[in-house]
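Chain naming follows the written order as A, B, C and D, and within any one chain the residues start at number 1.
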Amino acid sequence: MEKSINKIGVLTSGGDAPGMNACIRAVVRTGIYYNIEMVGVMKGYQGLIDNEFIPLPSHAVSNIIQRGGTILKTARCMEFKTKEGREKAFRNLQAQGIDALIVIGGDGTFSGAEVFSREFNVPVIGIPGTIDNDLFGTDFTIGFDTANNSVIQAIDQIRDTAASHNRLFFVEVMGRDAGVIALWAGIAGGSEAILIPEKETAIESLISKLAEGAENQKSSSIVVVAEGEKSGGALKIAEEVKRRFDHYDTKVTVLGHLQRGGSPTCFDRVLASRMGYAAVKALLNNVEGKMIGMVNNRMHFTELSLAISRHSPFDEELAEIAAVLSI
Amino acid sequence: MEKSINKIGVLTSGGDAPGMNACIRAVVRTGIYYNIEMVGVMKGYQGLIDNEFIPLPSHAVSNIIQRGGTILKTARCMEFKTKEGREKAFRNLQAQGIDALIVIGGDGTFSGAEVFSREFNVPVIGIPGTIDNDLFGTDFTIGFDTANNSVIQAIDQIRDTAASHNRLFFVEVMGRDAGVIALWAGIAGGSEAILIPEKETAIESLISKLAEGAENQKSSSIVVVAEGEKSGGALKIAEEVKRRFDHYDTKVTVLGHLQRGGSPTCFDRVLASRMGYAAVKALLNNVEGKMIGMVNNRMHFTELSLAISRHSPFDEELAEIAAVLSI
Amino acid sequence: MEKSINKIGVLTSGGDAPGMNACIRAVVRTGIYYNIEMVGVMKGYQGLIDNEFIPLPSHAVSNIIQRGGTILKTARCMEFKTKEGREKAFRNLQAQGIDALIVIGGDGTFSGAEVFSREFNVPVIGIPGTIDNDLFGTDFTIGFDTANNSVIQAIDQIRDTAASHNRLFFVEVMGRDAGVIALWAGIAGGSEAILIPEKETAIESLISKLAEGAENQKSSSIVVVAEGEKSGGALKIAEEVKRRFDHYDTKVTVLGHLQRGGSPTCFDRVLASRMGYAAVKALLNNVEGKMIGMVNNRMHFTELSLAISRHSPFDEELAEIAAVLSI
Amino acid sequence: MEKSINKIGVLTSGGDAPGMNACIRAVVRTGIYYNIEMVGVMKGYQGLIDNEFIPLPSHAVSNIIQRGGTILKTARCMEFKTKEGREKAFRNLQAQGIDALIVIGGDGTFSGAEVFSREFNVPVIGIPGTIDNDLFGTDFTIGFDTANNSVIQAIDQIRDTAASHNRLFFVEVMGRDAGVIALWAGIAGGSEAILIPEKETAIESLISKLAEGAENQKSSSIVVVAEGEKSGGALKIAEEVKRRFDHYDTKVTVLGHLQRGGSPTCFDRVLASRMGYAAVKALLNNVEGKMIGMVNNRMHFTELSLAISRHSPFDEELAEIAAVLSI
């Protein structure tokens, strides 16, 4: 039997990502367009448990499309991993009269959503909002494009000074398990090498490449390092290289959380708008328990259980392009 | 019989687009990687005719990936539209020993390439470099994403002041025949209305929408207008609205050619890199007479003759999303 | 006799300027630091008359230092120009128990403040918040630096494409009566000519300069035009030049109100912070009826009556530098 | 007796700074305007010794005003610290017919210049180009404003995510001996605390301030740390704070050399243009052995010997403002 959806709650959870606000706006505006009452849940699942709900009329999401962060805030929530926590959350939802949930976040967010929706038969749609772009079932996650652009801006600025001196720069970017930001931003930044968790870092070949560059009077050498790189990140690598190859003066930049902020790019805002719009329409069409994704430029749904059990495959072709273009 | 490719020329033609330099770099680096001699042709087809060639060793494309414009310059060339012009061009190519051409530009560029390659049996690959994103055979053209981001930055800045006053702002963006920049940037900028060449501008409904917004105390109203909009662009529309609806003070911004410049975004740099890389590999595999495109995130080839005879279809779904989200 | 100041109101008025929020924050935080109760007046003088006051505790100004616009909004207010309007405003102030006012804006704002403070003996300090940098008594106004940077970013982007084609670009910037933005941004943008209200535009000499550039194969020509330029702004000038000199293709950008928005620069935020801080301290020291300014990097007070009766002098030396560097 | 100046050499030395190119352009254009032959020296003093000179006609400095880095490159040069090195440099200068030098850099640069000009009676003018803004004799150095803006952009992005979580962020900025970037950018970034080499870092008071913020439910805490901060920089401080106060999750960003790059701001470009222009005019008026500075918005000359023996005083008032506004 079809469930009647009259009131939808929306929350953001996990690490925040630029474009989450654009997505909240799209969810809210689309809901209102279809005469749904829209409610925000503060601080992710914690707000479900703590009963922190706020009404979201149309003007509540005015002037937020361009803002980084999330007006609903996020938080990690251990309590939601317990049955008791989820029961509390469900009772609060019922008390509020909320019929369905839209959760914006990464795979931790979706794991919670998947269990919760199964246990209490609550319709849930997940929207991939994370800079990491590592989710199965979507070509792009909200925030990835903005993070990439933050990184290449940093690399461009470093290159200005790299072009003036004979120096070797290491730039550490986010990516504990996946090197996809490093790969994209490394290519786009024109970096000399890209070190990622998916591959062993061969210090010898890195040094011989840098030595070759030095011989060819390449004045500018920038190495992009994902934080999850196996020898321990940019600071460790830089030390090791310095110890073995003293031609260059070695400098390190650790970008850290600035990659999670900033005004979202056009791509992320449009992606967030499309996903938010489609997520609400899906709920109204009794789709549930799925993550929305963009696959081949079209909206596409994947079972939450599938989305959390796999990862997007590593893009070997892009790695090949990176290698060829950094000659 | 397969043609042996030992020397490739590359040129940029038509309106320039951010990412052209990133594409030139990818073409050159990939060619060198495969032991091809790489040559640049200055000022598009004009340089072919005027015999303006420059050698492009690897370091000639260092430190350009982040630069707007094109190091090879572009120019319109009437002479190449004549048989005599093209013959001159061909003789110069032969004298240089250039076996194949890669041309980066829009549909004017490809029309020239298509005729030339047919007439003289010169292998040519076209790469879509134009901010307009109106080419058949590719989901995205190089430069579109950067142009969109330039536009939304302008809209964001205008919104700051829109949120402080009660004002109505018109922002004119590029798009003589197609409203795709207006559509994307209008959605991403959270604009109240988007006026494009593909649709009649219904002044009455625009005014009633603005009036409704004014009643709901919406302080911020931004209308994005493609230059090819049918009533004559932003200045004309603004006058007309002001005449009929005096609630708001009306202001106009005409962005003009700043949309063609700027440092390319990560998306455009990666797209340019992928396309440049694939174009060279295609020539080496005796693909010719085609435009490379990105379709469903994969490199894809379309006959030049087809690419120039069609346009990408208008995205009705995006227009629908724009309408829903601007309530 | 010294007035006891326990409650201060703050408002923004006139055209908004980036850095107004940073200034509001500084005013509020400094007041609270000195145990003053801080109140915001919405929409400039209109809010005084309409009794729109909001409490401003410390957290009300959190996270606004980086925002363009003004959280207190601005509006033009004809009623405050009447005695009746000002009486109403005064009664509201008294009812609120507000002892003193800080007004952030331009010379229109200060004219109102000057009359009001004289009529009702209300201590007022004016803070120069306007992008126009045309106020007597301060070397810089809040917002000028940000506006300049918005303009040069636009010029830089246009230059990318200017360097690729043979084109002549006109960029219209703000400045109805004064060409100071045009002058600074024109120098910083490396423009070929700067047309401002303070000087007659000699079309002949402009054209001969452009012709000279064309002969020297200067591919890039950008002319910055203040909106108050005497022949009627960029669109008019461009037409005129095109009519007389057809060597170049002529393009126009009208930046408009995007110059009033954007996240304030470091310079503007520090200036706003210093001025806001000093304004509160001045009131507490019974300084009143003055505009604060920055003269020779130090805070400096000027009688409001003087500030509104004069303008900063035109900087002939800067104009000379502009001429020499554009050879 | 007055020296006749017909040919001027210009070089950049030490750490590069955004705006150096704008300054080179101004030096070259002004020289040419006064019919001086202009020559560039590559890689600072090293190029003097290695005889690396390049002619600098007007078009050589076209389209560089907006570029970070320096087209003349910089290098540290030990050899110039020896008498033999300087003799070699002088002979090369003589062979080139160069009558005077303009050196752009920091105090290391000026120390070399001071000795060299004394020993060989070569007219030299120093221009302060360094992001550190620590030179005696000028209110601002070229590059400082751009570096500040790079830092606040990073802080703004971090604040987006800080506002979403309960986290404590440490941002390490440049400043080995002086905290002036930390101070300006810390105020402009709205940071909760600023740790600089000039002051002891009182861990206890920092923690009690953070604890107080946490109690007041301040979700966003950003601490700016100059690299020369006495407990060892951001990484060390973050560890120490984490050990003692576990309320927040602690994150570190190390900006590193991106602060030396980027397109210069309007302020830096105008400052560089004014200084470059004035430096050439000074040489032509037989001023020599001095550093040009901007004091109270006017060009001002200081003996090189004085400029290198003192530092700008610490700005206690700004530190006081920082403390008051971060309540």
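Please note the rule applied: contacts are C-beta pairs under 8 Å (C-beta built on N, C-alpha and C of every residue); 3 or more make two chains touch, one makes a residue touch a chain.
Just so we're clear, the structure is a prediction, and the values are computed from it rather than from any experiment.
Student: Could you give the fewest steps needed to travel from chain A to chain C through chains in contact?
Tutor: The fewest steps needed to get from chain A to chain C is 2.
Student: Measure off the straight-line distance from the CA centroid of chain A to the CA centroid of chain D, and report it in whole Å.
Tutor: Comparing mean C-alpha positions, chain D is 36 Å from chain A.
Student: At what distance in angstrom does the C-alpha mean of chain D lie from that of chain B?
Tutor: Using C-alpha averages as centres, the distance is 39 Å.
Student: Report the inter-centroid distance (CA atoms only) between chain C and chain D in whole Å.
Tutor: Using C-alpha averages as centres, the distance is 28 Å.
Student: Identify all positions of chain A at which a residue touches two or more other chains, and write them in rising order.
Tutor: If we look for residues of chain A contacting two or more partner chains, we find 156, 159, 163.
Student: Indicate which of the five shapes (line, ring, star, complete, other) describes how the chains touch one another.
Tutor: ring
Student: Which of the chains touch, listed as pairs?
Tutor: In this structure, the chains touch in these pairs: A-B, A-D, B-C, C-D.
Student: Going by the contact rule at the top, pick out the chain B residues touching chain C in the complex.
Tutor: Its residues touching chain C are 12, 15-16, 18, 67-70, 73-75, 150, 154, 156-167, 169, 219, 251-262.
Student: Can you list the residues on chain A that touch chain B in the complex?
Tutor: 22, 25-26, 29-30, 32-33, 58-59, 62-63, 65-66, 139, 145, 148-149, 151-152, 156, 159, 163, 184-185, 187-190, 216, 218, 220, 263, 265-267, 269-270, 273-274, 277, 296-297, 318, 321, 324-327
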